[in-house]
């Protein structure tokens, strides 16, 4: 068993090449009037070409902040990266000066956000905004940029794309706007796409369409996809592996199939049990009691101990490191084995 | 867009009617002697009273009066003084200078106001930021005539940089008065621009633009500037009314023969027929400017157009 | 017509902020659930806490208190008679016996400035009160009842908005001019009326949008569902939320009205002698400004200080209550 918090990279190390994108022991803090909040407290994960990593967690778990740190778009102040590395094909992005770092944004690593209406500039047409990627990064003319924008809009399956290229964001529906954001993000064929809660603000049927679109695009372009979400249902269809985050740390890592069958952490277990199920209709909903902690006042020992149904004295004293439970799965719990076996 | 224009024009009409009616009420139709004070400190000569009564039909019920008043207005008849001088003639002579003065003032507002707002919006908390915040607060609070006299004394008399009166009406002579006139609005513009810029810099689409790999200069200069400028345009339009009022004071102080100076002198001479006629014209100008600004706003902000 | 607050130092587009504390999500994501040692801090107590420490708030308040006392009890500040004028002393500069010198008529400028506070501040206070009450009333009616009541209120507001403050003041006062013989209270009353007729519109708009915002809030819907009648909802829910933006604006507009009175008096159309106000004093001092600046500068300085104090006060209160600046 490894005794560090880093995700033991399987085939990649064996093959000897660096993962496409690797987050290594990242630390991010927020300095506010009410104290210093450790929003990201030693997070490590990675993603390969063609692979989908789902980062799962409640609000405040640090999943979005990690993504923003990867992109380098953290609000600073009050946020500061205080440790760790973010490696793209082996190159540590955090150590680069800003203008070199900027070269990766949009071109190698792209990001889409939750609320497409506020994420798009209201006073420019969608064609202009998509075309901007080509005009700025590849020096295309306005006309060519607009033509490429039309192509992209068709690729993301916007009906009547050629007529709507000069429309404004507020003239589209929520699902269409999200597609426009996706179009902007994949315009330059990035290697990694980070999707921060892309479907949270959408209707369920539209959600499914967007996830299908993302999956198809990923397959065509062999992108690495980091899907940030709090919705377990979305994860099951799309992701290959999953990292569960809580209070700024990763609590469990596994392949998706394994985790649904048998979770190895009480938090994951609680999340799975709290999904309403048709066959349990009429019974009490099994929610995890309590609320996530304020990040300026994280409890000592295991962060989850105030809410854990299996809490023991050691949980209040010693913080459990993220360790392998079985090869390929790790969990940050003193009793991970017992949770996995079901003996707790 | 065309529909929006028509809609605004239609909305304009009741406001226009209402405002002129209000002016009419205030000036002519309130209880009391409508001729009180309209001829200086003396009571009006009988001939004037008779002529005006006939002209404005003051013996008729008020709605008739108003109708005829409006008819006169639309024909450009804004009344006459008891000496028989047509208000509209005086105005035609006086407005070119005021027009020049106003244009220069608005240029000051835009260039200095927006410039200061952008600089301080980008560099918050610095020395420049605090300086601008404090000085704009001062400028907004100091009544325009105090600013006018002080600058006239400092820059005109003491330092001799600018002519003390704008009598010549040349552009150079109008620079100092235009600056005084623009000062309060300029200060507002700087503050509003600053606030807008700060808010827009925090918005989600700025985050998206940065995530697209755009340089900071482009994110600020192209993406946020346009969004931040739009409310400023509205502000300049709305504040135009204060500008017109301020023109009366400024032209008075700097001895400029424009519409403002005309009103200023007429107040002193208690020639209130002239005052009310000229001010009515100014109010109408204000309404028109507001309409233009509204249309401009729609041209710039697509969200309004397609409502 | 579009709706900027042209009288407000920094209109932010949004006219009024709802003042409920945002429970639930802090920027750190954690729930804002008070632990045992945390006292829940409401926005009001937070704001007051900040205000007490703000040097701007303290300075402005002190200045205002001084001037209000000066207006109410001018005798405390000087024992000279502002009406006693000796032509021999005309236009003499400041000296040990007369700190601010003498004006054109030979009257003591210091005494006139002190006594001038009363009329200036009185006009400001009366106008602001009238404007706040009427504007708030109209705004509340329009915002709360909606429908045609709102249309009427909005159209009327638009119409009055079409006349700028100064121009309208000139119009009204030209139609009812005061002369040397008019009794003091009438002169003051006319100026108050002239300003109040046109100044209520911005307050009406602020009140209206606050009411509309509050009306749509969930807890108001709940109150109505529970059978709360209009007066009760207005009193218990709408008013507390509307109070702060209205107070902020009223403070700022007080400063503006004092300035407006001074401008009108300066033009010769506002307060007239023998009423003494800062505007009147400045008007008197303006003619010989270049030769004897002291006649204008001292009352001018007092005027500027007072207006500045009110506007700064309003600004400070607004910033303290703005949840976005936390």
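Which chain is which? They are A, B and C, in the order written, and residues in each are numbered from 1.
What we mean here is this: contacts are C-beta pairs under 8 Å (C-beta built on N, C-alpha and C of every residue); 3 or more make two chains touch, one makes a residue touch a chain.
In this text, all values refer to a predicted model and were calculated from it rather than measured experimentally.
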Exercise. Between A-B and B-C, name the chain pair that shares the greater number of C-beta pairs in contact.
Key: B-C
Quiz item: With chain centres set to the mean of the C-alpha atoms, which chain is at the far end from subunit C?
Solution: A
Quiz item: Quick one: subunit A and subunit B, Cα centre-to-centre, how many Å?
Solution: 53
Exercise. Measure off the straight-line distance from the CA centroid of subunit B to the CA centroid of subunit C, and report it in whole Å.
Key: 21
Quiz item: For subunit C, which residues are in contact with subunit B within the complex?
Solution: 1-2, 4, 6, 9-13, 155-156, 158-160, 162-168, 170-172, 174-177, 179, 197, 255, 259, 262-263, 266-269, 282, 286, 289-290, 293, 296, 300, 303-304, 307-308, 311-312, 315
Exercise. Quick one: which bits of subunit A touch subunit B in the complex? Just the residue numbers, please.
Key: 71, 73, 99, 102-107, 110-111, 113, 115, 118-124, 132-133, 136-137, 168, 170-171, 181, 184
Quiz item: Mind pulling up the subunit B residues that touch subunit C in the complex?
Solution: 14-16, 18-19, 22-23, 26-28, 30, 32, 34, 36-37, 41, 137-138, 140-146, 149, 153, 157, 188, 191-192, 195-196, 199, 231, 234-235, 237-239, 241-242, 244-246, 248-249, 252-253, 263-264, 267-268, 270, 272, 275-276, 279-280, 282-283, 286-287, 290, 293-294, 297
Quiz item: If you look only at subunit B, which of its residues touch subunit A in the complex?
Solution: 203-205, 207-215, 218, 223, 226-227, 230, 300-303, 306
